[in-house]
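Note that chain A is present in both complexes that follow, paired respectively with chain B and with chain C.
Presenting the complex of A and B:
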């Protein structure tokens, strides 16, 4: 006999306002039907009615866990449209801030994932404490803890403070130690291994066919990372290596994110060493922006959750049409295929391992 | 003569009830504080010194709220079974012997306790099934299936204890640990008993019935605030029972130097309880089918091995 259960939109483990209609046969999932749109704000339409640089703060609210990545994506699209190239130092500054943002985002994911597996917020509190230190560092730079709005055309709004390198290195050393602790804590726990290994397997072909990106794709054995394959800023100078796992299960997704955080630490260290002196400040926000050169632009960036893309048809002072490819949205679409045949208890470990932000799904 | 023993019985009943309330309350506070400590938090601080009165405030709040019984629920079952569950666990504690000949000391205490204890999953099943909520129903199913996984190893590990002591009387079992506690003599049995007891107490990693990240609150999804207070009382009383059983059967009960017996018993019970709380803070939840596999492929053979070893080494 089949049972249909309505999970969410108010449920402890749906990471926001996701509604899942789950059909169960005993304890086995027959079908999962995601219902989305509870957090739809129409960001794409809002952007059509605003001057180019007015939309940046809206873009940050798409993904409130890693806001800076989205503001970078949007500003890069506008820069592309106007033919502006970021200054050399600004490239490094952006890369460093974005990689810090990636670590912060993955840390929050790690905590929330353990929560989904049934821990009572212990890992969550630990990773939040570490994330807090990163937020403090970003606050020192931008003056804001959550929504930074630090990207400007051709550079950043506020350059790194003079003692940034020292603080950052200290923080990175600390984080490296913490990651080692987390790895021991989780990977030596047989229950954690049991709950994640061979759970929610996404095969390589399926992953490509479904169009998932980011850590979810790399966990399925596809060696693709926008940071390397469509390198932007100074990623190719820093010998960036994408982290790939072959298994495609929840554990592989965990492992990819864990390794990515370590890779980010390496990237930031290298970038801090190579960073040139000079000016990194971009143009201040003015009502009238520079003239637009391109009529259509498409930009892609590796966001913490996957590949983000903006397709923009430009007008004189504001976008004529803006389309955002949100990584969480595409990754959520894979849930139905992964979760089929899994146990009900594994639904949330699979959902958690996809790293969804509902604001990003609904836009 | 009759009035004398009756008067003593009344005094004992009240004394043990005070003991239960004392443990429940202190443990509730200790659990919040120690989990907070593990998570870099402070825990309750505002109400009373070190937040010691926070739980009292919570109980008052819960009891002052309206009791809502859902429309789909079976009203009679839904409103009586949680109370029965509480009564069951309190009654089970009355069956335990306490030092200074406090408590009822019956000759088949061990049997009685574990027979009655196996009613608990059934009562939880009734509450969950009666509440008319699908999450509760899943939780109710899990409750019954879980009891299949851990009940047999639990009984077998206890059987080894009874085998060694040569008695079903818990006081005798405690006294036979006068030289060496059973945790040293049969470590395998202790591990099996402890793990099965974790499942019985609905503590992580076996909190599948209450699984908050999957089933919201399991069989407690639809209970109103006063019944939730009852459920908390059940949880803590169950914890008292579990940690008392662990300390009586394996840690030497009230035996110990210098301090009076009751203090030793409480210290051992609190230590067992805090260990369980630390496990709660760190492990993730097990899955139902894995628990079944674990119960039948690991716990059961280990329990049987423990019985064989006990028989060969000590009894023969």
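Presenting the complex of A and C:
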């Protein structure tokens, strides 16, 4: 006999407002139907009615865990439309801040994921504390802890403070040590292993067919990273290896993100060394934007949650159409295929390992 | 590449057979007198991308491509509710605005919203 269970929309493990209708046969999942849209704000429509740079702060609210990544994506699209190239130093500044943002985002995910698995709050406290140190650093730079709005056409709103490099290096050393602790704590932990290994396996072919992206795709053995394959800023000058695992289970997805954080540390260190002196400031926001040169732009960025893409059809003062490819949206659509046949208790291990931000899903 | 609506399934099948196996996004642009639907597809081997574009008259429907790209599921549902494009060949349930019974599709240019929200 089949049972239907309703999960959410308010539920501690759905990380936002997500409603799942789960059909069960005994303890085995037959079907999961996500109901989304509780946070739908119509970002794409709103952007069509605003001047180009008015939307920047709004774009950050799409993904409140990694806001800077989204404002970077949007500003890069506007830059491309107007034929503006970011200044050399600005590229480094952006890259450094974005990689810090990636670590902060993955840390929040790691803590919340362990909560879902029953590692109640030990990991969460640790990662939140370490994430806080990154936020402090970003606050030193931008003046804000959550929504930074520091990307400007051709650069950033404010350059790095004078002692940034010293602070950043100190923090990176500390984080490196902490990541080792995390790994020891988690990978020798029978509860964590039991609840992630061989859970929610997504095979390579399925991962491609389902269109999943980012760490979820790489955990299934697909070697694809926008930072390398569609290199932007100075990623091609820096040495980093996109992290790939072959198993495709929840543990592989954890492993990819864990190693990605370490790669980010390497990237930041390299970028700090290579960063040139000079001007990084972009244009101040004005109501009259520079003339638009392209009629259509496509911009891709590797956001912490996966590949983000903006397709923009331009008009004189505002976008005519702004289409956003949100990584969480497509990762969520794969949930029903991954969860099929799993045990009900594993549903949240699978859901958690996809790293969804509901505001990003609903836009 | 620009194609006709009738060729869509055939062309996408050809492309997916020749290695373009990853659907990045399906989206549409409302040009008031017609709609343009765009399929962004990628070859995961050599990372090449192809845009397949087609024009739709207002009120015309679109065949589903879910047989070729599984990931088209959510994108097609989004298209149908945001642009009011009917999808042939599958049951398309509402996705983002489930209980909303507005008449116009929100991303069409004729969608009216309160004047107080207009800026600029």
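To be clear about the criterion, the second predicted complex is superposed on the first by the 363 of 363 C-alpha atoms of A that agree within 3 Å, B and C clash if a C-alpha of one lies under 4 Å from a C-alpha of the other, contacts with A are read in each partner's own complex, and residues count from 1 in each chain.
Definition applied: contacts are C-beta pairs under 8 Å (C-beta built on N, C-alpha and C of every residue); 3 or more make two chains touch, one makes a residue touch a chain.
Because the structure is predicted, anything quoted here is derived from the model rather than measured.
Asker: Quick check on the chain A-based superposition: chain B and chain C, clash or fit?
Answerer: They fit: once the shared chain is superposed, the two partners occupy separate space.
Asker: Mind working out whether A:119 is in touch with chain B, chain C, both or neither, as first, second, both or neither?
Answerer: After superposition on chain A, A:119 lies in contact with chain B alone.
Asker: Look at A:3 in the shared chain and tell me whether it touches chain B only, chain C only, both, or neither; answer first, second, both or neither.
Answerer: After superposing on A, A:3 lies in contact with chain B but is clear of chain C.
Asker: Looking at the overlay, what does A:343 touch: chain B (first), chain C (second), both, or neither?
Answerer: A:343: touches chain B, not chain C.
Asker: Which partner does A:189 contact after superposing on A: first (chain B), second (chain C), both, neither?
Answerer: It touches chain B, and chain C stays clear.
Asker: Looking only at contacts as defined up top, I'd like to know whether chain B or chain C touches more of chain A.
Answerer: C
Asker: Looking at A:330, would you say it contacts chain B, chain C, both, or neither? Reply first, second, both or neither.
Answerer: second
Asker: With both complexes superposed on chain A, which partner does A:164 reach: first (chain B), second (chain C), both or neither?
Answerer: A:164 contacts neither chain B nor chain C.
Asker: Taking the superposition as given, does A:49 touch the first partner, chain B, the second, chain C, both, or neither?
Answerer: second
Asker: With the superposition applied, I'd like the minimum CA-CA separation between chain B and chain C in Å.
Answerer: Once the two complexes are overlaid, chain B and chain C approach no closer than 25 Å between C-alpha atoms.
Asker: Which residues of chain A are in contact with chain B in one complex and with chain C in the other?
Answerer: In chain A, nothing is touched by chain B and also by chain C.
Asker: Please give the residue numbers of chain A that touch chain C in the complex, ascending.
Answerer: It is residues 35-37, 40, 42, 44-45, 49-51, 54, 208-212, 222, 224, 229-230, 287, 298, 307, 309, 311, 313, 317-318, 320-321, 323, 325, 329-330, 332-334, 337, 362-363 of chain A that touch chain C.
Asker: Name, in rising order, each residue of chain B that touches chain A in their complex.
Answerer: Those in contact with chain A are residues 35, 38-41, 134-135, 138, 204-205, 207-208, 211-214, 216, 280-290.
Asker: Spell out the part of chain A that touches chain B in their complex, as residue ranges.
Answerer: Residues 3, 5, 11-13, 27, 114-122, 124-126, 129, 185, 189, 191-192, 194-195, 343-348.
Asker: Across the complex, what residues on chain C touch chain A?
Answerer: That would be residues 21-25, 27, 29-30, 38, 40, 44, 47, 69-71, 73-74, 95-98, 106-107, 111, 113, 117-120 of chain C.
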